[in-house]
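The following blocks contain the structures, represented as structure tokens.
Two complexes come next, and they have one chain in common, chain A, joined by chain B in the first and chain C in the second.
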Partner chain A sequence: MADTASPLRSTSMGPAFESPVVRNYPTSEGGNLTLTDASATAKWLVRADADGPTADRLGARFGSSQMAPGGALVLGSRPGEWIIVGTPGEVSAAVADLDGLEAQEFMTVLDWTHSRAMFRATGVSATRMLEKVCGIDWSDHMTPDGAVLSASVALTTCDLARNDVDGTPSYLIFCDRSVGQYLFDALIDAGNEFGLTVTASSAS
Partner chain B sequence: MLLVPCPNCGPRNSTDLRYGGESHARPDPNTASPAEWRAYLYLRDNPAGWLRENWYCASGCRRWFSVERNTATNEFRDPPLPGDKRGGAA
Partner chain C sequence: MTMSRQGVQPTEVIDRAAKLRFRWNGKRFSGFEGDTIASALAAAGEHIFSRSMKYHRPRGILTADYWDPNLMVQVGDDPNVRAGHRLLESGMDVRSQNAWPSLNRDIKAANSLLGRFLTAGFYYKTFMRPQWLWPTYERVLATFAPGGKIDLDTPHAYHDKRYTHPDVVVAGAGPAGISAALAASSAGASVLLVSHEHAVGGHLRYSSDAADQAALTELRAALDASDVEVLTDSTVTGRYEDNWLGIVQRNHPIAVERLIKARAKTLVAAPGLIERPYVFEGNDRPGVITPGAARRLINLWGVKPGERAVVFSANADGDAAVADLERVGTEIAAVIDGRTGGSVSSTAGSSRAVEAVMVNGTNGAERIDADLLVVAAGWTAPTSLLNMAGDRPIYDPTAARFFPSDPPSNVLATGGLAGDADLDGLRQHGAATGRLAAARAAAVRHRLQSRTARALPVDGDEPAWAPDERAPLGRDPHPELYRADTHGMVDMSEDISSKDLVAAAHEGYDSVELAKRYTTATMGPSQGKLETVNTVAAIAEARGETISEVGTTVWRPPYAPLTLGALAGRMFEPVRVSSIQPWHEANNVSVIQAGQWLRPDHYGDPAAEVRNVRDNVGLIDVTPLGKLDLRGPDVPKLLSLLYVNKWMKLGVGRVRYGMMCAEDGVVLDDGVTGRLGEDHYMMSTTSSGAGGVWEWVENWLQTERPDWQVHVTPVTTAYASINVAGPKSRELMSRVCEDADLDAEAFPYMTVRQATVAGVEDCFMWRIGFTGELSFELHVPAGHGLHVWEALMDAGSDLGVGPFGLEGQRIMRLEKGHFIVGQDTDGLTLGPSTGLWSLIKLDKDDFAGKPELAWAADRSLPMVVAIQPDDPDVVPEEAAQIVRGNTNEILGRITSSRYSPTLNRSICLGQVEPDLAAGGTKLTVLLESGERIGATVIDHHAHFDPAGERLRG
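Here is the complex of A and B:
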């Protein structure tokens, strides 16, 4: 309980970032289950044909994720839809790698950083916390590390990606900015019985 | 709980999807009579048995698909395969 999460973050790209999570929470590091507001992380959306050249260039198919050569994380969130996550430089490199493909097919590339909230839930109990608010089978054989899916979480439509940290289960949860505060509170409520702690906001 | 077989996401709770009603082929607007349009827009078969219907995977892949459901037993059959372009119309 050493610090409180600041609602204001900034990135090196564009205006100062204001997280949708505006309440202050007692924060601490570590613990068996942690929840982090990572909304300030650069997030870009790419839409194109699910089987076109953009899909081949990005690599990650629907339901899976892949690291781009520049270090960004590419999530195949829906058929023909990808989310690129990382530092502004990593994401810029991944998006720049798509240059020229617009001549081959119709595609959309959109900076989602300010319009989507992103949280990271990490810990051995993260799965059990998600089971309380989401109807997905979170067992290892159904959603192994790298799995990506979209589902209802606490009655909000979310994109989810399993992105383990040093072998510990960890999940990235994306939702519309307008429901970010609600979902953050809902996850805290679901994780309380597992000893959830809120960690300071992160940009990655 | 009603598990709906989404072709992209797999079996999902029906609360993750939106029901799109019975699936009917749309009549040709150039040749359809008013009676045919009325039947297409407003009349439903509503059988107690197998029915082809449309579903929208609202919380998952955000794709429409059509599938047959037995309205008496809630069994599903003939879900489209992933990538199938078959939309709402049967």
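Here is the complex of A and C:
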């Protein structure tokens, strides 16, 4: 059953979303690495059998990602677990596409927007920045565009996805909201040597 | 020994247009960019750089590289800097170490006169008795400790860390190493080439041979055009399981050192060979150097190492040194050929310089005046990385060095470590090794990709493990030259002579491992690179055995010393904050760190915060309170399994308190769980238990009840959690809640409601509290937490609303008698000890801890009780012991204590023996001061409002 009548149902209602990243950072120019606070992006969590009808509908297998028809990005974060990210409209469309599946299998959907901070690191040096805070093999064959994984980043538990932008390496980094400011600072510290530009966006 | 800067050398690495000024023991010197500290000093004519560790003998250049044991200096506040390797920088303040009052006049050199008494084991033997004098011995000996000075006020330097996963790591960037890297890269492998030196090239760098230089140019150009990642001034310090490598990168642009943790699919060990000193009388006198030192000084830095030289040569490197020396005008007084039986017996001169060399050459024994003795006696194969991979190298007496035995197949040796050849032969072997490394790495890569969900799909089967079809390198014959017919220094780092080792062997320390530890030979900063084989040879000679029979010590990490800062790397210390933290910081908060969380402890006056909650209304940020979102039809069964009480009939909108016990019946956690929808529950845990309870729940679901349909999601920080407490809390909440009836009958105690609060949808509220007051525990989607907090503050200004922190909450929960798991309970506190027997339902089919709790039902257990000191002004320390009368028999302890601003008296919770748990029991509490005070157990846990009238509102 898809219990979308969650207390976390809507992220578009109410006052402006408050990001966990509250510090201001000077904007630099000329770097080849951009770090964006995209915490306001809608994020939903879907859980169901790893090989059931929900898995078939979402398409993204464990460890990979896939664009949903409505524009949301579906991340196969764990066996039987998916994160859907995008604008509220995109995510709503993706979730609505799951309607009816609850009758076929045990499946739940949860709005995770407020639970997770989300950052995007983009640039040719993004991989080098991540190498300084995470022990994962980021080579193209082990972590290609579209890859999804969980790892410790600067000692915080994160979900990550490689989601290249126009052929440039780009990574989505999700962490618990409460450590968002800490992790953002740690990423900036790691990325500074590559010429880092810090930006914020209301949606990815 | 007279050293001086010469004209421009074609291979030099200094920029003579870039002059650098620095200080050496307070005096002004200058050098050039590209100089090492040692080469700059040598060019200026300095020839004594340090004093030896034990005897304080003057020491000069020996190898003129990283491993030179005589070139340890202090640079600013940085001790034990290797002057043979550290590049000169403008403004450096360089000082000698281990000498007082000065390098030239060192009073401690008097130790030399006591040399015969300072043999190996001197400290062990001398300072054992009388035992009571050891503290005095220790103070005196500390003044003789070698090394530089540590400034405790030195700011922490920035150390960096990086992870990498190359297909192939090549340790060593000589011609074989570079060729291996290039070949591996050409074969499609990602390659990391690690050069210990400041530039790649190995021994080619300081060769004046035109063919060598042409090859070096070609190799460097090829590297520049390749995808090989090159690290210079870096060392592979250790090889661990599955080719997990530690690499220290020195002098990185943004960090003093960077520790690189590399997972290599194959490792190529190509460290080259290290020149081995020769043992003879006076072999540590300044002016005795290796041919490599002579050639580096001449060809890299344009420094003439002496005016008149004797060269003892047993190999081509010694011969090449002769040519280089002659080129810069050093007179060659004699060349003694070790291959034809020639030998060096001793040097003569002052303690500060060689003046003559006693040789046995073609002219028989003779004394030859000279200020320089160049000794080419052979090489040590630095097999460290192979040792760390489990290999036990084998000694070959015909080549007079060790060779690899049978390293793991993902560790390959090339270059001088593997054998001998001319330059082309070394390059060919290196290239073949690189291709083999790439082929084997491809197989490992295929395996890793096929096992990793996120990786690219693999094509076909895993490639076969490539066979080693390399043509082996040869082994050039070399005389076994370890010690002359005289004794001399074996370990110049530790001042250990061949006599010391022979004596140790005769004392029974005849195993090389024992002798090493007894004498400390090979344990100095050179890490055995210069000393190990000579040590083994000395032990072998003393035992009348061969080097093969004695064997070697095992080289362990690190290959080269590195700082603790490098090992620590960047410090990651995650900090958690709630979304309301900016408000706290702007409002005089005093923060307390609770685990990773930064939490408001108080805002200046916790007692006033308590009074305000009791009289008006207060807000506390309780975001860290653990929250688990539970969904599915089997949640009631899960709750019944994990809590000691019953859950199958909890209605929608209802909240129930529960206590969890571990399988041994010990209290694990407590909290409330509410039913938000038909199959939707929200479990709260203690703040400190949030992570542990989640693991506990998942463990039961995944391993014991995988068939249950329950999805658990930690949502602790999805919500900003605010407890609104106090008699005016309902009034305040009614001003911000838009769609919930807050009336006591519509929203009674122990229920949950969803509501829109301050314009934020999807908030939910519990009618519960920890303070004993009417309260609403409000959970707001975290991205609106600050907004709601500020809205509450604004809306309640006329109600006297104010914040309160953890300290105020602790006082109020103690007034109310709520225990805290982990503070009022411990790792042995069984569920019934909390006084909540009625909660434990042994008639349930099963639940975690049931058998133990059933067993406990028939036992008397220590109990948590509320205690009031007889003197209301005395607050016993938490953990103060409860004792029997004037004895020290312990009957319990105070677990929580505070002064209650509500009751104007001290109040406590404590654990006591069962016969002391009844209300009215008199206790004696032993304070930390030693004073004993009287106290009384009260009837209820609650010191305040035991009937609960206030919290029910």
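Simple rule for what comes next: the second predicted complex is superposed on the first by the 183 of 204 C-alpha atoms of A that agree within 3 Å, B and C clash if a C-alpha of one lies under 4 Å from a C-alpha of the other, contacts with A are read in each partner's own complex, and residues count from 1 in each chain.
One rule holds for everything that comes next: contacts are C-beta pairs under 8 Å (C-beta built on N, C-alpha and C of every residue); 3 or more make two chains touch, one makes a residue touch a chain.
These numbers were taken from a predicted model, which means no experiment stands behind them.
In the superposed pair of complexes, A:Ala151 makes contact with chain B only, with no contact to chain C. Once chain A of one complex is fitted onto chain A of the other, the partner contacts of A:Val21 are absent, as it touches neither chain B nor chain C. When the two structures are aligned on the shared chain, A:Ala50 is found in touch with chain B, with no touch to chain C.
Legend: residue contacts after superposition of the two complexes on their common chain; A:Ser64 is shown touching chain C, with no touch to chain B. Residue contacts after overlaying the shared chain place A:Val91 against neither chain B nor chain C. In the superposed model, A:Gly135 makes contact with both chain B and chain C. Legend: residue contacts after superposition of the two complexes on their common chain; A:Tyr182 is shown touching chain C, with no touch to chain B.
Looking at the superposed arrangement, the partner reaching more residues of chain A, out of chain B and chain C, is C. In the superposition on chain A, contact of A:Met118 is made with neither chain B nor chain C. Counting contacts as defined above, chain A residues 62, 135, 149 meet chain B in one complex and chain C in the other. Across the complex, chain A is touched by residues 160-165, 190, 253-254, 261, 263, 445, 448-449, 452-456, 570, 572-579, 581-582, 596-597, 623-624, 629, 631-633, 676-677, 679-680, 682, 709, 711, 713, 715-719, 754, 758-764, 779, 781-787 of chain C. On the side of chain A, the complex with chain B involves touching residues 50-51, 62, 78-79, 135, 149-152, 157-158. Residues of chain B touching chain A in their complex: 8-9, 12-13, 15-16, 58-63, 82-83.
In the complex of the two chains, the chain A residues touching chain C come out as 1, 3, 5-11, 13-20, 22, 39-40, 45, 47, 61-64, 76, 106, 108, 110, 112-115, 131-144, 147-149, 154-156, 176-179, 181-183, 186, 189-190, 192-193.
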